[in-house]
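The chains carry the letters A, B, C and D, assigned in the order they are written, with residues numbered from 1 in each.
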C-alpha cells in the first residue's frame, strides 16, 4: 500500500520521473481543454448547437479535477499544508464552479461563478516554474519595481491633471462628459491605444491632445529604459562574476586569468 | 508655548517622527479624498443625487486645508520664505477655489476655478521626494534632456511637413480640412495613437500614411535608446564605483584602489 | 558541354561572378514585379481595365519561373537534394499557381491557389542571406527566444483572464458578445493597437480597460529590454574579443592576450 | 566698401559674432512666422476673415527672403558654390512660391506651389547644426542603418504576406477590397496605430489579426534594441577611450592608472 502511495506521489506531485512528467503535461492539456470549452460555450451559436457536447466535456473535466484534488489530498504527506497552500486553494477553486452552478441555477449568479472558474488558468503558470528564464525576467521586474511604481505614480498624476483639463476644454457635448471619463480618455491616449470612441473636437483640445501624445511618446521610453538597464545589468553582473572565478598567480598575485590559462600572463609562473 | 510650537513643527513639517509621518500620510489621504470628490462631482448623475454630501466633504476638506495653511504660516520659522516657496504657493492655491466659488457663483467662472483647484494634485508629489528611485529617474531624464529636445524638434518638423503634404493630398473632403488639423492627424499617427477620427481615404494618402507609420515605428526607438543608455550608464558607473572601493590606504586614506593593487596610487604606501 | 553547364551553374546558383550577381538581382526584380502584378490584379478597377495586360505579365513571369526551375534541376549536381531543399520546394510552388488556375477555373479554388502563389514572396528573403547584419539580428532573436516565449505565454494568460472578465463586466450589448471576441479586444488593447471597433461603455469596464492599458504600458518594456540586452551583450562580447586579440605568442600561437601581458598564458614564453 | 561687405558676411553667414547670432535667431523666428501664416491661411474661417492681413504678412516674408537671398549671393565669395549648395537651393525655393502664385493664379496649381513653399521648414534645421547632441543621435542612426534597413525589409515582407492573407480571409465586403488596401491595414496594425477604419469582422480574421498584433508587439523591440545598443555602445567606447589615456608605469609597464594617480599601483614607483 505504501509503495502505491509513494508511486502515486511521484506521479502526481513529482516532475522528475517519466510518468510524473507525462501526468503534468496531460494535466496541462486538460486545463487548456477546459478553458477552450468555457470559451466556446460563451459563443451563442456554438452554445445553441453543441450545448450538450460542451456540457459533457465540462462535467468530465470537473470530475477529473475533483478526483485529482482528492487524490492530492490523500497522497500528500502534509494534507493541511497542501490544502492551505496557494496551489491547493487554486486546485480546490478550480473544481467548484460547475457544482455551484448545479445548485444555484440563477443566470445572474452563474456570471460570478464563471469568474472563479477562470482561476483554473493560473494552473498553467505551473509550467513556467520549470523555465529558468522566467525567473530572470521576474527578478528583473522585481528589482525595478520601485522605479516602475514611481513611474506609474507620475503617469497617474499626469493623467488626472490632463483628464481634468480636457474636461474643462472640451466639455460634455464632445464626449468628455465627466472627469473620470476624461481620465479614461487620457489613459487611452497616453498609452497610445487610441480607440477613438472619445476624441477632441475643438482646436484647443486637439492641440492639447497632441502635446499629451508627444509627452507619452517621450515617457514610453522610461519603463523600457528601466527594465532594459535591469536585464542588461544582470548580464553584466554574470560577466563580472565569471571573471572573478578566474585563477590567481601565487607568485605575483595577478588574479585576472581565464580558467584555462596555464601560465601567469604577468610573470610566466606555472599556475 | 515654545515647546508646543516645536512639537507642532515636528509634526507638520517633519517626516522623521512617528507623529510627523502619520500627519503626512493623513494629509495624503485627504488630498486623494478631495480629488475623488471633485471627480465624482463632475459626473452628472452623482452630482444630482449626492450633491449635498459632496458639498459637505468639499467644505470639510477646504476648512482642513485652510487651517493647515494657517498653522504652517504660524509655526514656520521663516513664514515669508514658506509662503513664497513652491509648496507654499501650491498650499495656498489649494485652499482658494471653494472660497472663490462662494463669492463669484457664475457657472462659467467656476470652470476656471476648478482648474486651479486641480493644482492640489501636485501635493501628492511630496510623496516622491522620499523615494530615492524617483531622483535617479529624474536625473536620467535631465541628463538626456538635450538629446530629447533635439529629438522632439525633429519629430515636430517631420510632423509639420507630413501634415502639410497630407493636407495637399487628401484635402478637406476627407477630413483634412486645414494644415493644423492635418498636423494633429500626423501627431496622432506618428505617436501610434491612431484615433481614426481622421484617416486617409485616397490610395496616395494611404501609401503616404503607411510610410509615416513605418518611420514612426523606427523613430520610437530613439527616445527609448537615449533614456536606456542614460539609465544603464548610471548603473555601470555605480558598478565601477563599487569596484574601486575595494582597498583603502591606511596612510593617505585614498580608497578607490582595485582589489589587486599592491601600492597606494596616491602616496605609494604598500597596502 | 560540361563547360556550358559549369558556366550556367556559376550564373544561376553562384553569386560571386558578375553574371551570377546580375542574374540574382534580375530574379529579385522579376519576383517583385510578379508580386506587384498580383497586387494590382486584386484592385477591381485595375483588373477590369488592364486585365489582359496583367494576364500577359503573369504568364510571362510564370514561364520565366518554370524555365528557371527546370534549368536549376538540370544544372544542379544533386538535383534531388535541390528539389527537396527549402528553396527548391519554394521555387516549385512559385511556378504552380497559374497552371493550377488554368485547369480548375472555379472562383473559390482560386483563393487557395493565390495563397500558395504568395509564397513567391519568400524568395526575396534570399537577399537577406547576403546581408551579414541580418544574421546578428536573427542571432539576437534566437538566443532570447526562451525569454520571449515565456513572455508571450504570460501575455496570452493575461489576455485570456482580462478578456473573460470584460465579457462578464460589459456583456454582449456593448460588443463583447463572446469570450474569444473579448480576448480579441484584450489583445487589441494590450498591444496598444486600439481599433475602437469594440470599446468598453460601462464605468467599471472603462476603469478595467484603463488598468489593462497601464499594465500593457509597463509590459511593453519587457520584450524591448530582452532584445536590447541581447544585442548590447553581443556588442560587448565583440569588444572583449577585440581586446584579447592584441598580442599573439610566437611559440604556441595562442592569440588572446591582453596588450599588457608579458608572458604567454598558455606556454609561459616571454612575448 | 570691402569693410561693409566683410561686416555683412559676418552677420549673414557667420554665427560667432553677436550680430551674426542675432541675425540667425531673427531669421529663425521669421521662418516660424511664415510657417504659422501658411498654416492659418489653410483654415477656412481664418482665411475668410483675416485673408488680407495674412496676405500682407506673406508678402512681407517673401520680400524679406528675396532680399536675404540676393544679399547672400552678392556678399558670398563663391556665389556659384553657394547657389548650387543644398542650402542655396533651399533658400531660392523658399522665395519662389508667392511669386509663382502671382502669375499662375489657377487654384489647382497653387496646391503644388504650396508644397514647394513648405521646404522653407528645412531652414529651421540649420539650428540643429549647432547642437552637438544631434550629431551623436544622427551618428547612432547612421551606424545602425544597415540593421534598420534589414529590419524594415523584414517588416515589409511580413506586411505583404499578412495583407494578402487577410484579403483572402476577410474579402471586399469587410473593407479589405484589394491587396494594397489590406497591406495598408497590416501596416496600420503592426505599427500599433490602429485607426479602426478597416477592421477584421470574421472570427478567423480576428484570430489572424491578434497574431499579427502580438508579433508586432515582439517586433517593436528590435529597432529599439538596435538603436539603444548603438547609443550605449558609444557611451561605452568613450569610457574605454578615457581609460586608454591613463598613465603607464616606466618600471613595471602597468598601464591602467587613472590620470590623477601619482604612484604605480603595482610596484609603487612614482609616475
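Methods note: a contact is a pair of C-beta atoms (placed from the backbone, for glycine too) under 8 Å apart; a residue touches a chain by one contact, two chains touch by 3 or more.
Keep in mind it's a predicted model, so treat the numbers as computed, not measured.
In terms of C-beta pairs in contact, C-D outnumbers the other of B-C and C-D.
Relative to the C-alpha centre of chain C, the farthest chain centre belongs to B.
Where chain A touches chain B, the two copies mostly use different residue numbers: shared numbers make up under half of all numbers in play. With centres taken as mean Cα positions, chain D sits 29 Å from chain C. Note on chain placement: the centre of chain B and the centre of chain C lie 40 Å apart, centres being C-alpha means.
Looking at chain A, one finds that residues 151, 180, 183, 192-196, 220, 224, 226, 228, 232, 236 touch two or more other chains. If the chains shown are joined wherever they touch, the resulting network links each chain directly to all the rest. Residues 146-147, 150-151, 153-154, 157, 160-161, 164-165, 167-168, 172, 177-180, 183, 189, 192-196, 199, 203, 206-207, 209-210, 213-214, 216-218, 220-222, 224-226, 228-229, 232-233, 236, 257-258, 261-270 of chain B are the ones that touch chain D when the two sit in their complex. Interface residues of chain A facing chain C in the complex, by the touch rule stated above, are 35, 38-39, 42-44, 111, 114-115, 118, 121, 124-125, 127-128, 131, 133-134, 136-137, 140-141, 148, 151-152, 155-156, 180-181, 183-184, 187-188, 190-197, 220, 223-224, 226-228, 230-232, 234-236, 239, 257-258, 261-270.
The touching residues of chain B, when paired with chain C in their complex, are 192-196, 224, 228, 232.
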